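Think of it as A, B, C, D, E, F, G and H in the order they're written, each chain with its own count starting at 1.
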Amino acid sequence: MMIDALPLAVTLPLIGAFAVTVSPLHARGLGLMAAVLTAASALSVTAAVWSDGVLRADLGGWGVPLGIALEADGLSAAFLAMANVVALAVSVYAGGYFKQESARHFWPLWLLLWSALNGLFLAADLFNLYVTLELLGISAAALGALTGTREAVAANLRYLLVGLLGSMSYLLGVALIYAAYGVLDIGLVAEAIEPGPVAWTAMTLMIGGLILKAALFPMHFWLPPAHANAPAPVSAALSALVVKAAFYLALRLWLDVFAPVLNEAAANLLGILGAAAVVWGSWRALRAERLKLLAAYSTVAQMGYLFIAFPLLAATPPGLARDNLLAAVVLLALTHGFAKAGFFLAAGMVQKTAGHDRIDDLGGAAQALPAATFAIGLAGVALIGLPPSGTFLAKWVMLEQAMILGLWWWLIVMMVGTLLAAAYIFRVLSRAFNREPTPYRFVNDARTELPALLLGLIATFGLGIAAQPLWVLLEQGAFG
Amino acid sequence: MSAFLLSIALVLMAGIAAGLIRVAIGPSPSDRMMAAQLMGTSGIGVILLLAPVLAVPALIDVALIFSLLAAVAVTAFTRRRLANDGD
Amino acid sequence: MSFDTWLPAAIVLSSMIPGMLIFLLREESHRLRTLLNMTGALVKVGLVIWMIGGVYDGQNYETRWTLAPGLDLVLRADALSVLFVALSTLLWLVTTIYAIGYLEHSPNRSRFFGFFSVCVSATVGIALSGNLLTFVIFYEILTLATYPLVAHRGTPDAAHGAKVYLAYTMGGGALLLVGAIWLQALVGPVEFTQGGILGVSPEEIRVELILIFFVLLGGLGVKAALVPLHGWLPQAMVAPAPVSALLHAVAVVKAGAFGIVRVVYDVYGVEFAYANGLLLALGILASVTIIYGSLMALTQDSLKKRLAYSTVSQVSYIALGTSIFGPIATIGGVVHLVHQGLMKITLFFCAGNYAETLGVNKVSEMDGVGRRMPWTSLAFTVGALGMIGVPPVAGFVSKWYLGLGAADAGSNWVIAVLIASSLLNAAYFLPILHRAWFRPAPKQWPQEHRHPGRFEIAGALLWPPVITAALALSAGLFAAAPFTPLEWASLIAEREYGR
Amino acid sequence: MYRHPVFAHPRAATLRAIGFALVWLILVGPDAASWIIGGPFVVAATLASLRLSKPRERNLSVSSLAGFIPYFLVESLRGGLDVAARVLLPRLRVQPGNQEYRVSLRSPEARLVFIDSISLLPGTLSADLRGDLVTVHALDVRTDVVEGLTTLERRVAALFGESLPPASDRTIARTTAGRSPADETSARETPSHPEGRP
Amino acid sequence: MTGQVLYAQLLYGGSGILLVLLGLWSFLVHGPLLRKLIAINLMGAGVFHILVAIGYRGIDTPPDPVPHALVLTGIVVAVSATALALAFGKRLDQDDD
Amino acid sequence: MDPVALLSGAFLVVGAFFFIAGTVGLIRLPDRFSRLHALTKADNVGLGFIVLGLMPLVPDLFYGLKLVLVWLLVVIAGATGAHLIAKRALRGDGEDVL
Amino acid sequence: MSALLTVFDLLLTLTLLGLALVTVTSREPRRAVILFIAFGLLLALVWARLRAPDLALAEAAIGAGLSGALMLAAARRASGRKTSPAEESDTEDAP
Amino acid sequence: MIRPLEHIIIPIGLIAVGGLLGWSFFLAVTGDTGERLAAVALARVPDSGVSNPVTSVLLNFRAYDTLLEFAVLLAALLGIWSLGAADTGFQPAASVLDGMVAGFVPLLILSAGYMLWVGAYAPGGAFQAGALLGSAGVMLALAGHRNAGLPSEGRLRILVALGVFVCAMTGLLLMVAGDGFLTYPPGLAKWLILLIETAATLAIGATLAAAYLGGRPTAHPTSGETT
């Protein structure tokens, strides 16, 4: 193959980052161009996985075990597609959101973050994953502090430190794996690994590091301030993509690397933490006074749902039901990615219009921006898990499986979370119904409102009604 | 010969370890910096001795870098920024 | 892909698409909005008429869309769904006309009509649902679409009402969801099938199934306003009149009632439900609601609240009919779905007209409105008499069949309930009629808007109640003719009890 | 008119470049290909060097260097032996104190060599340089440090081709009274108070 | 693998583990940014220690270059993160004034 | 035994001796300035002897020259460092104005 | 030889760990940073010992040089910020 | 006073972690894992274009890691820049320090070159070289040179992003040429690695020095050397 889309998806944003670093005056134009190219290359990867099956590229031509490979199977392709669509929307939004000075800081970091995301989804090497994780963490923390307020800087400093701790833990696990099995390629490790203290410790360290980065309760403390104080497009990317990437990696390791050594206790622990996250995050979201803080706590809760999948996956024997469950989990993650990004983008618009984001005083701004409010509503539907969103479908499958397994308590947790989510989302939406008539134009600023609306639509209708392709995509190497 | 070199290195290493005392008791930053200097110089000695023992001639480059960077560390230690720097 | 497989989806989309487009319109684009609304409504009417014919001929219309393996979105037309679809389509058309007139000068109409259309789409979706999953989906969408309508006015009252409404319906939705998932986990995908699918279920899951029934009933009962889950309904009265009309007559409460019918007949199967005592429980619940609603209505001075409690009471006739084992009562219950809709929407339209023209919101202010607004009051009278069960208005037919069915099934206590309820109905409606027609008008109405035209009020506000009243009347008068609700109900009962 | 140092001082530039090239040779060894990297880096080093220290016409005197090196080595050795002897004997033989010395060397390089060499000579340590005044810390104020300093300064001056004023003009400006080590220990540097201030 | 090599691996790997623990402890209990950063760097050093110990193959056998390369990457990453964190800290200090 | 090796060994021992002296000085001496004496002088000489002692072992000329270069750098850095530290101790850090 | 190496290794690791312990327990920022620099030097030594000169080079250059310089700047700020004059200081006890 | 978290939970947790780690590490090291990747890596070093095994791994076998690592450095620097302007500089150095700086900075530059060159066949390489260049910058900054010898903003921006760019472009061009991403053709490997390393050295050096300055580049004219 002459042009391999796999490395392209990682390299293009890097070159874009170079371009915008070098000529900051044209940051927006160059950045958008790089964004479009990157998204195109990444989506072409997904398309290729869809049509041709698992893709693999041996970088440097050495092959495993010596070289590093990039690999895209259904799972990575699905996350890749989501991340790139969201990232593209965020880019378009950012084009309208950032003005001259902050734009020159935003774009290169953003493209580096993007490259890390694509790299992470495509990586097939444990150490390479460490590097992408670090790139992700550093660029994310730097982006999060772009507002420059004291809260933002302090929160993102904490995020940076926690992220470092997480990566260290992960790297320690990798070191153990390398010590015991002498390989770093995910496939080879999976072949070599066998149950025993080494594998368990490595698993604990790696997954532990990742749940720190994925902000699973009680490691979530860093997330709300960091995500709530970042500029809106960055919040969107952080909440929708960055924590999701950590989850993806945990899932990937769980499924691919540690499959032979899994034990139910660990899965249940993750599930319990997830359940606690659902309840706690939702509760805090309900009590939040600021819109973005609410969204950030909602992310904590949503990450909890994803981790509830682990005990379910562990308890389900391989087969159709497990495949379905896995697909549902992925669907949940993807939907949340779209929805949360849409939510943050729209919230950013509302905040910009109102000059603040105190929920209780948002009425006028919300009503003056029907498209943004609508986007919040659509995203909210997906966050709650109401039909026709993808979340609804995913929860249905997960809950059905939980009931089939007789694990009814997960159902209770998820329903409690759902009701709390409904409460906090409608707490926001109810502000949009104000007495005073407002000049009604659906779209006021296309560049910033349409991306949010589009993301909301994808989360609520796209993934709810047309989720079937996800199953087809996951057929490519992710099931079984 | 290796054993002899190694024992000399051991002596130097013991010196470094003893330097820990100064590091621990201080009392002033200068004293600790001095101890760090000592570790640097003795470290160079140890490295130079280890090079033939381990048959890694490249260790001399490490010594070279040690000597160059020792100056940087000391300089950094003794300099302070111009006023209005948060202090 | 033939037209037959797309017809149900087309019926749902015929209001959904205009609704979505309306959201995008500028506030000032009255004409375009009206055009979209009316086009959608008329297209839908056309499609439904087409479908009625087909279903009558035994044609099978089914849209099936796989959401995920094992989870299909199924829209299917059978006799029961057609009945509900026809009702909602017709009443949507009428209500749209009414709403255009009613909201002529109020703000945020694009939003209003957008959600209005979505709301009707959801109702039609509920009607056409071919399995429990689809039903749940549209049931929740209905909640979502009605919330903005209830909150539309933006007053603190509206906000509060909407909040209460949401709390109830979300809770109900959650229960329904739990029940549906639980059921599906037990028996696999739950397709609505005439005669039910659980009759053959093994003995050991029976207790669980009964439990699930009550969970489902809890979910459905919220929208159907079964006591004690009815609390939202009087609160939601703050909504604009067309919304109240829609909520009470067509969309929300009917969705609940319709769901109960579906679950009893097409999921559990009436025989299974009967054998396990589920019907009895439902019947008692319905009876309690009927009596309680009527008693509460009696004490209300606010006209809309009185109508709301009346709804609480009347909708439970449907559940009551369902709960009586035997085809005759089924006919009564099912036909009441339509009849109550026609009558209640008339009443709400009229209440809206009173409030709009005279500022009259309370029963005690209604002295002499009959002469001041004769057409409206005439329509109101027809509706009210129908509610009481006075022949030949439609309500009588429902009650007659219910009574017959109860007698047939040997449930004599039901007859007692019916009689008591009718007396109570009379007790809270007749005073209104008396005031309207036989008491002198006050010197000054609370807030009078004189309409310049030939009639007491604009045509868009006048004709809808008159038409629905006429329909209610004719549904009673010509009950035996083909294609009347009664005939459909008989068809449904025949098929459900089948064999 | 500004002239780049390379053109302003072609001789210095060449000499330095040659010097750096020699260092490169020492570092890398004889490897012709290495000059691909070595060339540019020698040039860069030379440019940096010219930027950082202004070339002067007087330059290193080779003959003096030949004399200076052995002197320096021997004095360093003496310095080492001196300090070793002092600290290794059971009773510390030190009585530290500061003295000041007026330095007459002009060029920074010469001053650097002078100051650095002071610290390597027996018993002395250059502790400060204010204007022309060098504060010299003596390990034992009872010994005569001035003589050693004068000798050193003369040699350094010769090395850099500087001429010094007559000896009488440039004797010690001031000698601070040497304090007893006991004083200083108790007053300033109390080992028994590890974190400094008593 | 000779006993000597194994001994060295265990000794250096073990001290790496101790460093990790020490760093982790310090990171958890100490508040100031600088101490946290030092702790993290110490932890990193511990992890690198483990990796280098794994790569060690005896006094006269060339070591495994792969862990060395990994550690080199790790060092650069660590210094980048440290620099960024210090810049954050500086920014916070400025706000204090 | 080879006299060169013997000499080299002797140099190394002497070097180690100076290092020990430096360390002892660093610990024993009463004040900072005195300790700086020990550090600079003893260690530089010590390293010088180590370098001398290693000379016979060098694989080639350049390695030997490099050893000398290292020593020179250490001497310069050590002496300058000592001066800077002493000055800092006298005046506080950074007050490096003329 | 082997025994010597063992002792050497032991001494090296003990020194390193001791230094690390002193470093993390230092409350005074400048002190901690200086110790950290020393730790970096020792770490480089360890890596030289483990035949990883590449790492020793990098650690010497980065650990002692850059990280050290960066942290020293921060430490100076941190000590300067304290209300009481720095816990340990060179200036004040100067003559 | 006993704080339960600090005095009980954390120590116990640490002991547990330590025990687990130690045990696992012992098992991992003593388990019969043989050579790990050492044998295969060392065996392929001759094919890699350079003879220093670590450089082979870094810039050939695992060059992709290295590419991302350049990106990490760039991200950190951009993050630092985004936080505001640089600190005030240092006071100009007095003669002694000045003299040492004048001597050491060229030597640091030269050593950086040496590291860069030697990396191909002996320990060393771009990182070490870059760190030395960076140290030269730090030294200049410490001696009071306002911009640490770094060029003006425009050129500095090119410089710091150079590593990422050259590495990525090399990879892409090789891919377009049909060899595969970062797959060096046998004859060219050495020179391509040298090219990437040179760019990386400059980038790392500039990045580290700029990171030390700690803020957005200012418009001041440069002082000191360029590179």
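The rule we apply is simple: a contact is a pair of C-beta atoms (placed from the backbone, for glycine too) under 8 Å apart; a residue touches a chain by one contact, two chains touch by 3 or more.
Labels paired with UniProt names: A = Multisubunit sodium/proton antiporter, MrpD subunit; B = Multisubunit sodium/proton antiporter, MrpF subunit; C = Multicomponent Na+:H+ antiporter subunit D; D = Multicomponent Na+:H+ antiporter subunit E; E = Multisubunit sodium/proton antiporter, MrpC subunit; F = Multisubunit sodium/proton antiporter, MrpG subunit; H = Domain related to MnhB subunit of Na+/H+ antiporter.
Since the structure is predicted, the reported quantities are computational estimates derived from the model, not experimental observations.
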Most distant chain from chain C, judged by the mean position of its C-alpha atoms: D
Best-connected chain pair, where connection means C-beta pairs in contact: A-H
Chain A and chain G, separation of their C-alpha mean positions in angstrom: 39
What is the distance in Å between the mean C-alpha positions of chain E and chain H? 16
Report the inter-centroid distance (CA atoms only) between chain A and chain D in whole Å. 61
Where the CA atoms of chain F average out and where those of chain H average out, how many Å apart are those spots? 30
Two or more other chains touching the same residue: where does that happen in chain A? 127, 131, 134, 138, 141-142, 145, 148, 153, 172, 176, 178-179, 184
For chain C, what residues touch not just one other chain but two or more? none
Can you list every residue of chain G that touches 2 or more other chains, as numbers and ranges? 5, 51, 53-54, 56-58, 61-62, 65-66, 69-70, 73, 76-77, 81, 88-90, 93, 95
How about chain D: which of its residues touch chain F in the complex? 23, 25-30, 73, 76-77, 79-84, 86-88, 92, 94, 96, 98, 112, 115-117, 119-120, 122-123, 125-131, 135, 137, 139, 181, 184-185, 188-189, 191
Can you list the chain G residues touching chain E in their complex? 2, 5-6, 9-10, 13, 16-17, 20-21, 23-25, 29, 32-33, 36, 39, 43, 46-47, 50-52, 54-55, 58-59, 62-63, 66-67, 70-71, 73-75, 77-78, 81
Residue set of chain B touching chain G in the complex reads 2-3, 6-7, 9-10, 13-14, 16-17, 20, 23-24, 26-30, 32-33, 35-36, 39-40, 43, 46-47, 50, 54, 56, 58-59, 61-62, 65-66, 69-70, 72-73, 76-77, 80-81, 85-87
Over in the complex, which chain H residues touch chain A? Could you list them? 20-21, 23-25, 27-29, 31, 33-37, 40-41, 44, 60-65, 67-69, 71-72, 74-76, 78-79, 81-84, 157-158, 160-161, 164-165, 168-169, 171-172, 175-176, 178-184
List the residues on chain A that touch chain E in their complex, please. 127, 130-131, 134, 137-138, 141-142, 145, 148, 150, 153-154, 156-157, 160-161, 164-165, 168, 171-172, 175-176, 178-179, 184
